[in-house]
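Alright, structures below, take your time with them.
One chain, subunit A, appears in both complexes that follow, with subunit B as partner in the first and subunit C in the second.
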Partner chain A sequence: MTYDLVVIGGGPAGVAGALTAAQAGLRVALVDASVRLGGQYFRHSADPRPAPGLGRFLRQARALDRRADVRLRHQVWNVTREPGGGLTVHATAPDRTAVPLAARRVLIATGAYDRPLPFPGWDLPGVLTAGGAQALLKGDGVLAGRRIVVGGTGPFLLPVASGLAGAGARVLGVFEANGGLGLARHPLLALGKAGEAAGYAAALARHRVPYRTRQAVVAAHGEREVEAVTVARLDKEWNVLATRVVECDTVAVGYGFVPQIELGVQLGCRTRQDVDGSPVLAVDAGQRTSVPGVWAAGEPTGVGGWRLSEVEGRIAGLTIAAESRAAGSRAPESRALEGRTDESRTDESRTDESRDAEGRDREGRDGEVAGVLARRRERWRAFGEALQHAYPVRPGWQGWLRDDTLVCRCEEVPLARVREARDLGATDARSIKLLARPGMGWCQGRICGYAVSCLAGEPPQPPRRPIAQPVTLGALAELTDDDPTTPPLT
Partner chain B sequence: MSDVIVVGAGVVGAACAYYAARAGLDVTVVDRGSVAGGTTGSGEGNILVSDKEPGPELDLAVLSNRLWRELAGAHGGTGAHGHAGASGQRDVPGHGGADGGFEFEAKGGLVVAETPEIQRQLAELAAKQDVEHAVVPAAELRDYEPELADDLAGGVFYPQDAQVQPMLAAARLLRHGAESFGRGTLHLRLGAAVTGFVRDGDRVTGVRTSRGDVLGDAVINAAGTWGGEVAALAGVALPVLPRRGFILVTEPLRRPLIRHKVYTAAYVTNVASDSAGLETSAVVEGTQAGTVLIGASRERVGFDRTTSVPVLARLAAQAVALFPALRDVRAIRSYCGFRPYCPDHLPVIGADPRAPGLYHACGHEGAGIGLAPATGHLLAQVLTGTPPDLDLRPFRPDRFPEESS
Partner chain C sequence: MTFHITIDGRPVPVTPGQSIGAALHAAGVRSWRSTRFGGRPRGLFCGIGVCFDCLVSVNGRTPERACLAEAAPGDEVTTA
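Take a look at the complex of A and B:
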């Protein structure tokens, strides 16, 4: 059978998009790799301090569960345009078997992942990404007594640090490499997020966590695991001015986020450069990519946080539903599902969405997205871009590296080998990879790709990952037979 | 002003530059991109004598095989600069000697037959090829490859088949050419796209590039799959067209599962086929990084890079049929490349009488890595007026009828 819509990613954008489309009567599947919905931001629902918006998200997720085919622990490794015009979303099930899903339309809502920068010792156990440190919060009592240093850049460090401190860890400091102004004049304030900023400031103060700007973790030390870090005072370009050693057993570092766009790149979607240079999927006012039948919402269209993701997901759901109706592709069985939407009257989003959907109907494909949603998207987009301006990655970090510092941890490629590749005639990140192997291992350059691009002196290129997630040869081989679940599409 | 300008910094261009510099010529290599950024960067690094019918290409392959061994020996390096993955596997059988700094490995090739009839044909071909080989009965296949499926009818083992890491091979040949000899010089101009030729009357006296003119007495077109486009800039027709191939790459294995390059007999017929449609045959081998490379597909679809799941599925199915233990191994990457093929499946090597001063070294289809040193060596002989070791007439640039080009 063919879904009207397959949504890839179960964070705020994917859930909002899937729910909106399902409420409009479409037959929807949502695929996500993890064990529960939520994405990077909402996954850790066991946090002592629930993230803002969590309650709203959980209501949406529950509503979605009744109206769509939600497939958790399914990894999407490829999306293909079929000759007939439809799309196939290739996933693998938890038992590693192949699950090809036929779809008339696809929404890419794959979020973003942490962007680390390499530094000496970052391969030691105990060095985590900021997002990885949040995952620690779920373990019972794992954190009590831990001495943690949080470093990097961007507002995401604040909830990470306050979450860790609230869960019983001793947070020895938050080292923000940008901004010489301190928490009292944090950019969140200028952006009208005074309440949120004050909340974090209060939480950090309560736990006596120092917040230091223009400082960074530039090295980690230890025999078998982290025992201490070197914290440096930085100039504006992140060159080291002075250092001191801080003893700790855990380091959480994050230098922003990398939008996860490889499925769009596979499909040939046009990309653009975001404010921080990251390649992101280009979309129109209705969240359509340049490839017919393919929409994108959330961080893959530009990092901007969960509020922007949610509104983009809703807009995508609405334009998908409108187009689906216009194309007359509404499957009869999806009308049966529609009868159940009454249960969702309690959803705060429900009434808005049906009104918006009708508005779209009248305006047709060329019409604008309903004003309220478009304006909300505009506002949060500006907020996201302002944060990217306020928290850039400065080039001085390259000076933190030594010849033997691993740039790629999967393939154990030290800086010296990257330099050797450049010396041998590699003029861009791709040829550095071909000659020295950074990015050829398990993570396919998700961790080191940004750093290698910087070392190559070019902006990060759209990632080519034809196999976006590992898939067993056995599962791949299953796809040689014509699969009964993927009939010719109309 | 150089003696020779080489267009293309892939493995063929690198070998041309290397042998020309060794012959005392001053060389400038021009490429629009990076070193090994085209088809070389998508290759498996095969150095095969096993897959070729007797004839001029096999002669070229046998000469090239010897030259690769010499290059690996002459330039030492034991690969100890470490391409080990996180799991640290470096203990690949047959490894340990000098690898030239480009992971040369004389691993040997095993061609396997699915039926007794195919086995008979394989043995016949091997007898005609006149290269070192051993016919392997079905019962002895597992002495070579313990993980092979048990329904095979036998095979032929070719000890001379070898492998290099092709990107490193190109880069190291350019480096060795620049450093080792002193008589000739070798300069690299990367990021310079050739936009035309400098002519003195009919004669080619240099190339125009996006970064200025480069002058030289001779120009070698080593632009691989794009060799036809470069030739057209000089006003000569050369029918080099892309033939797409996909390769699947597995996760690094802790223990090498596959010792040699192993492929099925269908590969030999596919290589020589003229079909435009999709053809696949199992070609499976381990690498020093611990990964397993799985090929090979051939289709003529222009320069379309879109990943084809049906092709990947067929490659996986064929590899699993050959090595059942691969079923649970995960593919983590795939990539595609465009083999430069000519209608008669032979490369173009030699002077172009239609444009004096222009030489070609392209159109090696899927065998460019293997055939590169012989190509460079023979062209250096031509450029220095030495009689070439092989008859170059089968490879001459003007051999194609006009209508096919």
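Take a look at the complex of A and C:
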């Protein structure tokens, strides 16, 4: 069976895209590695606590469950183009068997992950990414620690810190490497998100959590796990001005996000550099990538948060549905749904002109997408870009490293070996990787890639990973059409 | 409500729905693997399946990410 659309990723972009297309009558599958839909931002436990936007997301997820083939706990490791022009999404099931899904169109909605920066001791147990600490709390109901230091840059540190404090951890401080203005002048306020920023500020104040700008965790100390950190006061470029030691049992750090684009790169999709230098998938007004049949939405097209992701997902769903209709590829039995209005539509308000039943055909065309949804997308895109401008990574972090600081955690490559490679003439991240092996281990450079690029003095390059997730040889063997039991004809 | 898994024979309580990594971390087991070269302790880092620091073997299978593996009653987790 061939799906009209296979969506990869079950966060706000993927769910909105899948639901929009399914509501238009397409036969849709959505694949996600997690046990529940939600992605990172809407990660939740079986019995979720209320959170901004979560109720709305869960309504969409339930509606999707009724209308599409939702495959959780499935990891996508590759997407291939078939000789006939169709696409195959290669996933592995929880029991590691191969699950190939034939698709006319694919939507890449694979989200992003925390961008860590290396520092001495960052590989000690108890040092987690900010998103990791958040995932433990939201998905598993587990506090990452008792005495927690939160550090890095960007507005994401605020919900992480207030979440941890609210759940009973002692948060010893939020150390924001950028800024210099404090919470009262936080860019969230300037961007019209006063309510949200004030909410976090109030939560931090209530739990007496200090918020310090131009400060950072520059080293973690401990034998078997973290016991203390060095917190530094920084200048504008993040060079260390002064330090002090803070005792703690846990550190949550994050310096922005890395969009997850390798499936698009595998397919040959054109990339562009985002404001912060990250390679992202280039898309047109309808969220199409440069490769026919392949759409992208959410963080892989540029980090901007869940609202932007959702609106991009909806636009992708609409243009996919319109093209599918034009190509006459809708599943016949789905036509019964046509024209029907539905309480579980992806929209929050019923007054929006773009989403009444009559408007459905019109909004499917790019001209209409350029209306309400496109304006909303522009607004949130501008917001995302403003945040990237406000919270850059400054070069001074390289001075926090010592010769023996691991840059690559998987292959245990210290800074000294990266420097050696550079001295031998490696002037780009790829040459450094070939000489010193950072990025050649299990994570394939997802964690150290950004740092290695900075150390090489170049912007991060699009990831070249022929296989996006570990896969068994058995699953690979199933890729071939040849039947191994048939003897060769010669 | 809660059930147990074992790590190297030691029981660890699990709230249904938790990942193996989360259950271990909550039980105070914050490292369960040593690196190949330096023998450094490793546990959860990214928590979302990206870094592969938290690899464990479950019921004798080849290593998998503890942060992604949902714990099931009686799972026997072994560390490298």
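Here is the rule we go by: the second predicted complex is superposed on the first by the 431 of 490 C-alpha atoms of A that agree within 3 Å, B and C clash if a C-alpha of one lies under 4 Å from a C-alpha of the other, contacts with A are read in each partner's own complex, and residues count from 1 in each chain.
Keep this in mind: a residue touches a chain if its C-beta (ideal position, glycine included) is under 8 Å from a C-beta of that chain, and two chains touch if they have at least 3 such contacts.
Nothing here was measured: the structure is a model prediction, and the numbers come from that model.
Asker: Check the residue A:395 against both partner chains and state whether it touches subunit B (first), subunit C (second), both, or neither.
Answerer: neither
Asker: Quick check on the superposed pair: does A:84 touch subunit B, subunit C, both, or neither? Answer first, second, both or neither.
Answerer: A:84 contacts neither subunit B nor subunit C.
Asker: Touch test for A:292: subunit B only (first), subunit C only (second), both, or neither?
Answerer: A:292 contacts neither subunit B nor subunit C.
Asker: Applying the touch criterion given at the start, work out whether A:442 contacts subunit B, subunit C, both or neither, answering first, second, both or neither.
Answerer: In the superposition, A:442 touches subunit B and subunit C alike.
Asker: Which holds for A:409: it touches subunit B only (first), subunit C only (second), both, or neither?
Answerer: Touch status of A:409: both partners.
Asker: Between subunit B (first) and subunit C (second), which, if any, makes contact with A:224: first, second, both or neither?
Answerer: second
Asker: State whether A:474 touches subunit B only (first), subunit C only (second), both chains, or neither.
Answerer: It touches subunit B, and subunit C stays clear.
Asker: For A:127 in the superposed arrangement: first (subunit B), second (subunit C), both or neither?
Answerer: After superposition on chain A, A:127 lies in contact with subunit C alone.
Asker: With the touch criterion stated at the top, can you tell me which subunit A residues are shared between the subunit B interface and the subunit C interface?
Answerer: 409-410, 412, 441-442
Asker: Contact residues on subunit B for subunit A in the complex?
Answerer: These residues of subunit B touch subunit A: 9, 33-37, 41, 81-86, 167-168, 171-172, 174-175, 188, 190-191, 248, 250-252, 289, 294, 306-307, 309-310, 312-317, 319-320, 326-336.
Asker: Spell out the part of subunit A that touches subunit C in their complex, as residue ranges.
Answerer: That would be residues 33-35, 40, 45-46, 73, 113-114, 116, 123-129, 131-133, 135-136, 139-144, 224-225, 409-410, 412, 441-443, 446-447 of subunit A.
Asker: For subunit C, which residues are in contact with subunit A within the complex?
Answerer: Contact set of subunit C toward subunit A: 15-19, 22-23, 25-26, 30-31, 35-38, 40-53, 55, 67-68, 70.
Asker: Which of the residues in subunit A come into contact with subunit B in the complex?
Answerer: Interface residues on the subunit A side: 78, 80, 88, 90, 96, 266, 268, 409-412, 417, 421, 424-428, 430-431, 434-435, 437, 440-442, 444, 464-467, 470-474, 476-480.
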